[in-house]
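As written, the chain order gives the labels A, B, C, D, E and F, with residue 1 at the start of each chain.
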Amino acid sequence: MNTHRRTPSDSFTIMNEIVLPNDTNTLGNLMGGRLLHWMDICAAIAAQKHSNQIVVTASVDSVSFKEAIHLGDVVTLQAQVSRAFNSSMEVYLEVFAQNIPRNEIVRCNEAYYTFVALDSRNKPVKVPELMPESELEKQRFDGALRRRQVRLILAGKMKPDEAQELKNLFLP
Amino acid sequence: MNTHRRTPSDSFTIMNEIVLPNDTNTLGNLMGGRLLHWMDICAAIAAQKHSNQIVVTASVDSVSFKEAIHLGDVVTLQAQVSRAFNSSMEVYLEVFAQNIPRNEIVRCNEAYYTFVALDSRNKPVKVPELMPESELEKQRFDGALRRRQVRLILAGKMKPDEAQELKNLFLP
Amino acid sequence: MNTHRRTPSDSFTIMNEIVLPNDTNTLGNLMGGRLLHWMDICAAIAAQKHSNQIVVTASVDSVSFKEAIHLGDVVTLQAQVSRAFNSSMEVYLEVFAQNIPRNEIVRCNEAYYTFVALDSRNKPVKVPELMPESELEKQRFDGALRRRQVRLILAGKMKPDEAQELKNLFLP
Amino acid sequence: MNTHRRTPSDSFTIMNEIVLPNDTNTLGNLMGGRLLHWMDICAAIAAQKHSNQIVVTASVDSVSFKEAIHLGDVVTLQAQVSRAFNSSMEVYLEVFAQNIPRNEIVRCNEAYYTFVALDSRNKPVKVPELMPESELEKQRFDGALRRRQVRLILAGKMKPDEAQELKNLFLP
Amino acid sequence: MNTHRRTPSDSFTIMNEIVLPNDTNTLGNLMGGRLLHWMDICAAIAAQKHSNQIVVTASVDSVSFKEAIHLGDVVTLQAQVSRAFNSSMEVYLEVFAQNIPRNEIVRCNEAYYTFVALDSRNKPVKVPELMPESELEKQRFDGALRRRQVRLILAGKMKPDEAQELKNLFLP
Amino acid sequence: MNTHRRTPSDSFTIMNEIVLPNDTNTLGNLMGGRLLHWMDICAAIAAQKHSNQIVVTASVDSVSFKEAIHLGDVVTLQAQVSRAFNSSMEVYLEVFAQNIPRNEIVRCNEAYYTFVALDSRNKPVKVPELMPESELEKQRFDGALRRRQVRLILAGKMKPDEAQELKNLFLP
């Protein structure tokens, strides 16, 4: 692998989990917080593969939980880096739930997590560039700038009217 | 308690957790996903207190992790309902980390989680109104409409140029 | 906060837990040992807040489990230091269980845990005095001497007939 | 086994646990609450063996933690029923910690837990009598009455001056 | 997917886990039993995908642990069905450990687990045939008969001198 | 205890576990992988008692799961060293499941685990000899050579036709 430039498939990571009783609420559905925890681990592994560094979670973008996931379902998480900045990486994540006896798979969630790579002295360190390949990977790569503006505004580090990419969205 | 109208303090919920080894990455810092899990449980208890119903997580808004939380720290989570809609509730959440021997407390995160109340047949059910009392509670109550538009846009259920409250933010 | 004298409210600590499947026996009731574990963590945080030191559990006084706590209940634990001795602290603890859909709260337990504060070399270290404020806090403060005699007798460090406070209890 | 009368060895139960990182505080010592949890499980198995019924914890007598137990130690718990009453059983429990590389075993704790046997409708049910055999088992059997008076007084179900066995302890 | 015949890639399953403190012994190495547990879950998901049924573990063949896996390593498990019999499936499993900062991947283990598919009344149920595709998959498919003879001998259900495939191995 | 020679009873280790919800699959049966994990811990304690050293799992021989173990059952594991080689020990293990209300005990499994003893620098270290006492212990001691040949063949470190003990099994 090239250590300066990497593709999304270099960091592609799959996790499978079975929903056990302690992962569910009293209705027998997977608790949202447990899924957020699994998503963080899966996305962190992808960011580690991209950077070959220890990483820490910097942020998670909004996540909505549309589909109930049930006790005994197999949850499949897929993550890959969608864009690299200086020392941070945006990771794109999809979640599927599979009811094995009914042979049904449902796409449940997508999300973006951001991680910072740290060296052994706990300081941010430069990460390789991301080179998107497929059309979809290029779209996500381009959208990363817009999502980054949203994060900076939400963190109070940018004023809304400086966010040119976002303004274009809301203007006719 | 009035069962039709409730105040934020009716649902106020505190959780304390000690950061144990399995909660940390190899740098000894609390993993983001574990914190998201704790936040979900604390916010869900607040939504249950408001609605007297079983609740399921509908969404979590963007969360950024600015401060590293360390092994052995006491993490304090505080949650209260910030606005009730028909069958859903927005919960506001703050997270603090305390290093006891150094007598230091740091405010680490704030977040908004949204929950839907379900009856015993698993169907959405009406929840009591929220009556904000303090000035801060009223600000969060008003901001809830704007945050709801963001969620609807992100979930693909509203077009950006229909979101009047948001458009105002980006226009001079 | 005064570092030589503290009030019970300086160490007041609340924990909320949801009873999950793995916390229950085959009847669906919270296991006593799990509750004792949560009580120890909650009381330890209170003792750490009072002393600003790492603490270790020295003893737990008798605890009786009168009320069954059920799967899905919200368990609320409240702890505060009831008296400080040289390097040890007695912590008073109350436990409540809440059935959210039925809107019922039951007071389940009270208990006294004792902790010793240790410095970074693992040696006992002096802790601040406790200044009780309310009438109830003063009663618990006074009773602490009697409870301490019971602990010393049970640990074989005091003979029953030297325990003057206790003897008064049993004499007409 | 006789189903009306049983000996302490009929219910004798051993548990071994290794102290893992999540069981310890930041000093690397086993947390008291985790040990209380293990003790409850071990004692409950002994009470189940005696009664052939599901059991629930009714109370734990005072426990003091004299010896620090360390990360990696093997903890051995031994439990056996010390006396049976109508539907309740008192269980005697001893705890040992073993540092394998140093070949050191330390006796850390003893404790009494009380359990109630429940039938399938969740109602208390009669349990077999206990027939002590060794001299030590007979002493514990006799002492059970005195410990029961302490529990009744602590639970507010008996007045101290009615507890004849206890009064004898404090009178010259 | 054809419900009567499936290929190994139809059941291919990947799991990634990070080695956390509680997974390790006091030398900081992953405990063998924890790895066997993860392997069982990963192989069970593969068998469920092949059969669209709930499955239970019937046996695990000998596993040797040649490489120490360390705290913080990313463990990758890959499983796929290697042969289907009437109601049972043999699953082939490989384990890799990755030290991210050093960019090292080590192949640690391979193993064969066997599962039985059960219907909703808990009875064994017929599973689809396996059609191997690659040369390696065909070799594993053929070897399955020999491994099955070993299991039958070890379970006392076949005499060694009836195991013709095995005898060939030991004869010149 | 003699530090050069030890008997199987010197290392005899018992563990009792209650099957909790998270240990079971959706049929309410104990998952095979969880049992393998418990077996590893119990066998490791036996090997540590024999050697007074930290030990790591080297291999587990084939294990078959004949009996379903159910939610709420008490699982009893018994382990003892069956033969010591230079720095490795073979441990024999039996597993029983007990349904307390039905007063039924079932013998579920037996297995052989092998461990290597390590010194504080992580290097293999010589362990005491094992002196079998009972007839059964002597049979297991003798069989250990044959099982060791199987392990060496399976690990690719011995050719089948060099395994004289095994060849005798398959020849008339």
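One rule holds in what follows: a residue touches a chain if its C-beta (ideal position, glycine included) is under 8 Å from a C-beta of that chain, and two chains touch if they have at least 3 such contacts.
What you see is a predicted model, and the numbers here were worked out from it, not measured in a lab.
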For chain D and chain F, the touch-path distance in steps comes out at 1
Among all the other chains, which ones are in touch with both chain B and chain D?
-> C, E
Could you please state the distance in Å, as a whole number, between where the Cα atoms of chain C are centred and where those of chain F are centred?
-> 42
Separation of the C-alpha centres, chain A versus chain B, in whole Å, is 20
Where the CA atoms of chain C average out and where those of chain E average out, how many Å apart are those spots?
-> 49
For chain F, residues that touch 2 or more chains besides their own | 21-22, 25-26, 41, 44, 54, 72
Sort out which chains touch which and give me every pair.
-> A-B, A-C, A-E, A-F, B-C, B-D, B-E, C-D, C-F, D-E, D-F, E-F
Contact residues on chain D for chain C in the complex?
-> 25-27, 29, 31-34, 36-41, 44, 54, 56-66, 68, 113, 118, 122, 150-151, 154-155, 160-161, 163, 166-167, 169-172
Residue numbers on chain F that touch chain D, as the complex places them | 13-18, 41-42, 44-45, 48-49, 52-54, 72, 74, 100-101, 103, 120
Residues of chain D touching chain B in the complex = 21-22, 24-26
The chain D residues in contact with chain E across the complex are 20-22, 71-72
